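Two complexes are shown next, each including chain A; its partner changes from chain B in the first to chain C in the second.
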Partner chain A sequence: MARRVGLEVSLACAEAAKLANVDVVAAYPITPQTHIVEHLAELVADGHLDAEFVPVESEHSAISACVGSSAAGARTFTSSSSQGLALMHEILFIASAMRLPIVMAVANRALSGPLNIWNDHSDIMAERDIGWVQTFAENGQEVLDLMLHAFKVAEDKRVCLPVIVNMDGFLLTHVIEPLLMPEQAEVDAYLPPYQPQQRLDIAQPISMGMVGMPEVYTEAKKASLEALLGSYDVVKEHWAGFAKQFGRQYKPIESYRSEDAEVLFVTMGSLGETCMTAIDELREAGVKVGSVRIRLWRPFPVDDFLAAIQGAKGLIVMDRALSPGVPAGPVATELRGLLYAKGYHLPVQNFVAGLGGRDVTRADFRMMLDKARKAFAAGGEMTCEMVGVKE
Partner chain B sequence: MSIAADALKNFEKITPKNIPLVEPLSRGHRGCQGCGEVLALRMVAKAVGSSMIAVSATGCMEIITSPYPQTAWEVPWIHVAFENTAAVASGVEAGRKALIRKGRIKDDGAKIVAYAGDGGTADIGMQALSGALERGHDFTYVCLDNEAYMNTGIQRSSSTPWGAGTTTSPAGLKSKGQMTWKKNMAAIAAAHNIPYVATASPAFHLDLMNKVKKAITVPGPAYVHIFSPCPTGWRCAPEDSLETARLVVGTRIFPLYEVIDGRYVLSRDVKNPKPVEDYLKIQRRFRHLKPEDIAVIQKRVDQDWERLLALVKATNPEAKTD
Partner chain C sequence: MADEGLVPWRQLALGMAMPEAGSAKRFNTGDWRGKRYPVTDRDKCIKCGLCWITCPDMAYLPDESAEGYYKWDSYYCKGCGICIAECPKQAIEWREEKEEDKYGPACGS
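Now for the complex of A and B:
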């Protein structure tokens, strides 16, 4: 039986890697990811986790060592954030192209400059096209659960892709939350040891990471794309298996009080919880408002999203990152494109909020709703506004 | 510290009679005529044999041996990027170590050999290499030094020698070509206090192969810096490729030595060195140099040789150095 514990979410994330019995952890410290790798180093030092902890000299080498370790056939974990994730950028594309099932926890943090160690999504929004499966956790339990699910998906022979589990820096990583810690036997039943299809083996030599001439490059990219799109069914299948094993249900898109909602907030990550509290208050005041939260970000669950917004007369899309020079933040840009492609004439108001650790409060949600409803009523253009800018 | 010395106590030398017949790097690759680098890499692969796991940097050796769907490699081979070869190798080593300890794969005695050019080693790959050497992974790193970025079209690196013309250090009215002195990578590797460091040249093939064999025999990190002639980039005749590899040693420009547990050992004492001009004059990358420039190089080579002898003497207090 699972134990009910109170645990810092970073430690829960590390405990998940331990429950997954990872073989190699290669990581470089960066705030706010540090507690995750510190705890893993402790677990290895105390013999609670039989793994190689590779204390590399940079994030670039962290992900590079992960590529080597995964190619050797080892279950491999790393964690990073912000500048560290940006330093990995080049290798992230290669890791997915080489179809290596590395799992990475990203403690989402603002990108410099100016230097800022606090939460937003600008780090991961700069990595949208890396070809990894990406999920966003809302709370501590979800961090733990998505971590276990990540290994299951990554190593599935139908997928063989790396996976990122996103968790808001500080807002999630540094809070102590009540959560259910599964037993090792339960995890073992869900997640058997990694059986690589191919590895660097002198008995069966293969060449990995070869040159792709123009005659084969396009086909290689298409194959990677198909793998990522194909992972959608596997992601859902392993969430169903997770529910069976652990009793907790997960879906690509999560809805809250959306059935009769005229306006829907669209959020990602921990902001969803504040949003739900705000919705409860607004509902008490008689406002027909609800929310949808994107848990599976890559591959984007198109049909789930469209099903979740049926009936809504307008969307308020929250972005925690800028896409400078474009008429909206990255999430809103994508969703507007998707809706247009699917023939929806649905107004999408976009708010960029919570940059660099700025709080987003219930009052902010009320303000955004007011503005959006006015814009919807006026039938006006779809705007993008940065929330709470002091001018 | 006698890690390397202990491991090499019963070292069986490669001799003309027992040169390995195995060719982990097979023929049919796309190297230029007279390529000294692929020749050196072939010797490395022969010395390691079929238990080699090759970790390649981006560069000439990567592109000429792995245009998908063809490969020249008969052993496991992985290429990821340019600057991270040592980091990838450290991951391969860590992954195997964990899997062997956990009983998930058997200890097959595979040897991890990472290789990169001088740009991938002395410039962009320096940090990853330093980290991997410092962490003590059991692997061998081979720098195939052809003294410039040849794969991209002969641009200067920190390993380009003084006076050499490259496309980014051209000789001109106000320049003699490369205006800085070659970075001493072997000394930098040795400064990590790793068990084994060596320099080698493909003109001395038995010496090269024995050094590689020693490097894979010692536990922990080993570094082998191999002079790798590039006729295309050096503007010399393909048939002069090995001659440059021979002359660079015979002029004392590139001395052959080992650093075993910190102890410097000369592999070849060049008692009657040829003038550096003999080496420079067969390569058109040096053709703009005037006699006074060549004198500058000669002076520097003489100084560096004396410094090396001093290191040999300092680290071998009981031995005679001449």
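Now for the complex of A and C:
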């Protein structure tokens, strides 16, 4: 049976990698991901985890070492954040194109400049298009659970793609939460040893990471795209398997008090918890408001999202990153495009909040709701507002 | 658009892997070379092997028919000139290439 423990979420993330019995960890420490890597290094040094820990000299090297070890058939884990993730950028596309099932925990943090170590989503929004499966955790338990799920999805022979589990830096990584820590036997039952579809083997040589001439590049990208889109069913299937094994249910899109809601907040990550608290208060005051939270970010669960917003008269989309020079943040830009493409005439007010560790409070949610309802009533244009800017 | 030789995307191997090693050998990157190529004067050559070591394209390999010397391979030399810059005896020089020489005798003489 699972044990109930109080544990820092970073450590729970590292423990999940240990429970997944990873073969190789190649990572470079960076705030706020440091404790994840530190704890794994400790587990390997103390003999609790039989893995190769590669103390690389940069994140570019970390992900490159992961590409090599995954190509050699090893279950491979890395973790990064912000500038470190940005330094990995070019290799991230290569990992998905080579169909390598690397798992990475990203402790989401603002990008410089100005230099800022605190949470927002600007690091991961700059990596939207890398072709990896991406999930967003809301709390510590979800970090642990999504980590185990990530290996299961990544290594599934129908997928063979790398997976990122996003967790808000500090807001999740550095808090101690009550968690259900599964037994090794339970994890082993859910996640059997990795069986590579192909690997570098001197006895049966293959070449990986080939040049894609103009005659084949388009087809190669199409194959990667279809693999990512096809991973959707497998993601859901392995969440169903997870529920069976561990008793906790996960869906691509999570709804909260949305049945009769006229207005829905759309959030990602830990902001969902503050949002739910704010909704409870607003509901007590008689306001028909609810929320949907995007747990599966890539591939984007189009049908689940559309099903979740049925009946809403307006959406308030929260962005935790800027997309300078376009009329909304990255999430709102995408959702407006999706709604337009699907024939919805639904107003979407966008708020960019929580940049670089700025708190987003229940009062902020009430303020956003007031502003959005006025805008919906006026039938005016869809706007994007940076929350809490001191004029 | 002509699609001669195109491979349907479903037929590509996982991650576009190739079921063989060393297939890059089939790319004659010497095609990229401009109008000149390096030629070694074996009277000046001291067999130090710096051309072999510093060549980024492995276009110099030990010459099996002449102990200690290195043989230039026109199929892979991109004409960067690093060997010319690195040769401590200035034994390697540019020579203008005529079209008919492109895949001429693969040695530096």
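One rule holds for everything that comes next: the second predicted complex is superposed on the first by the 391 of 391 C-alpha atoms of A that agree within 3 Å, B and C clash if a C-alpha of one lies under 4 Å from a C-alpha of the other, contacts with A are read in each partner's own complex, and residues count from 1 in each chain.
Convention: a contact is a pair of C-beta atoms (placed from the backbone, for glycine too) under 8 Å apart; a residue touches a chain by one contact, two chains touch by 3 or more.
In this text, all values refer to a predicted model and were calculated from it rather than measured experimentally.
Shared-chain residue A:A185: touches no atom of chain B or chain C. Of the two partner chains, chain C is the only one touched by A:C160; chain B is not.
Once the two complexes are overlaid on the shared chain, A:A341 sits clear of chain B and of chain C alike. Once the two complexes are overlaid on the shared chain, A:C66 sits against chain B while remaining clear of chain C. By the touch criterion defined above, A:V216 lies against chain B and chain C together after alignment on the C-alpha atoms of chain A.
In the superposition on chain A, A:P205 contacts both chain B and chain C.
In the superposition on chain A, A:A285 makes contact with neither chain B nor chain C. In the superposition on chain A, contact is made by A:P55 with chain B only, not with chain C.
Once the two complexes are overlaid on the shared chain, A:A97 sits against chain C while remaining clear of chain B. Of the two partners chain B and chain C, more residues of chain A are touched by B.
Shared interface residues of chain A (contacting chain B in one complex, chain C in the other): 98, 205-212, 216, 220.
Residues of chain B touching chain A in their complex: 50-53, 55-56, 62-63, 66-69, 71, 73-81, 83-84, 86-99, 101-102, 104-105, 108, 110, 127-128, 130-132, 134-135. Within the complex, the chain A residues that touch chain C are 97-100, 160, 197-198, 205-212, 215-216, 219-220, 222-223, 226. The touching residues of chain C, counted against chain A in their complex, run 5-10, 12-24, 27.
The touching residues of chain A, when paired with chain B in their complex, are 23-24, 26, 50-52, 54-58, 60-62, 64-74, 76, 90-91, 94, 98, 193, 200-203, 205-213, 216, 220.
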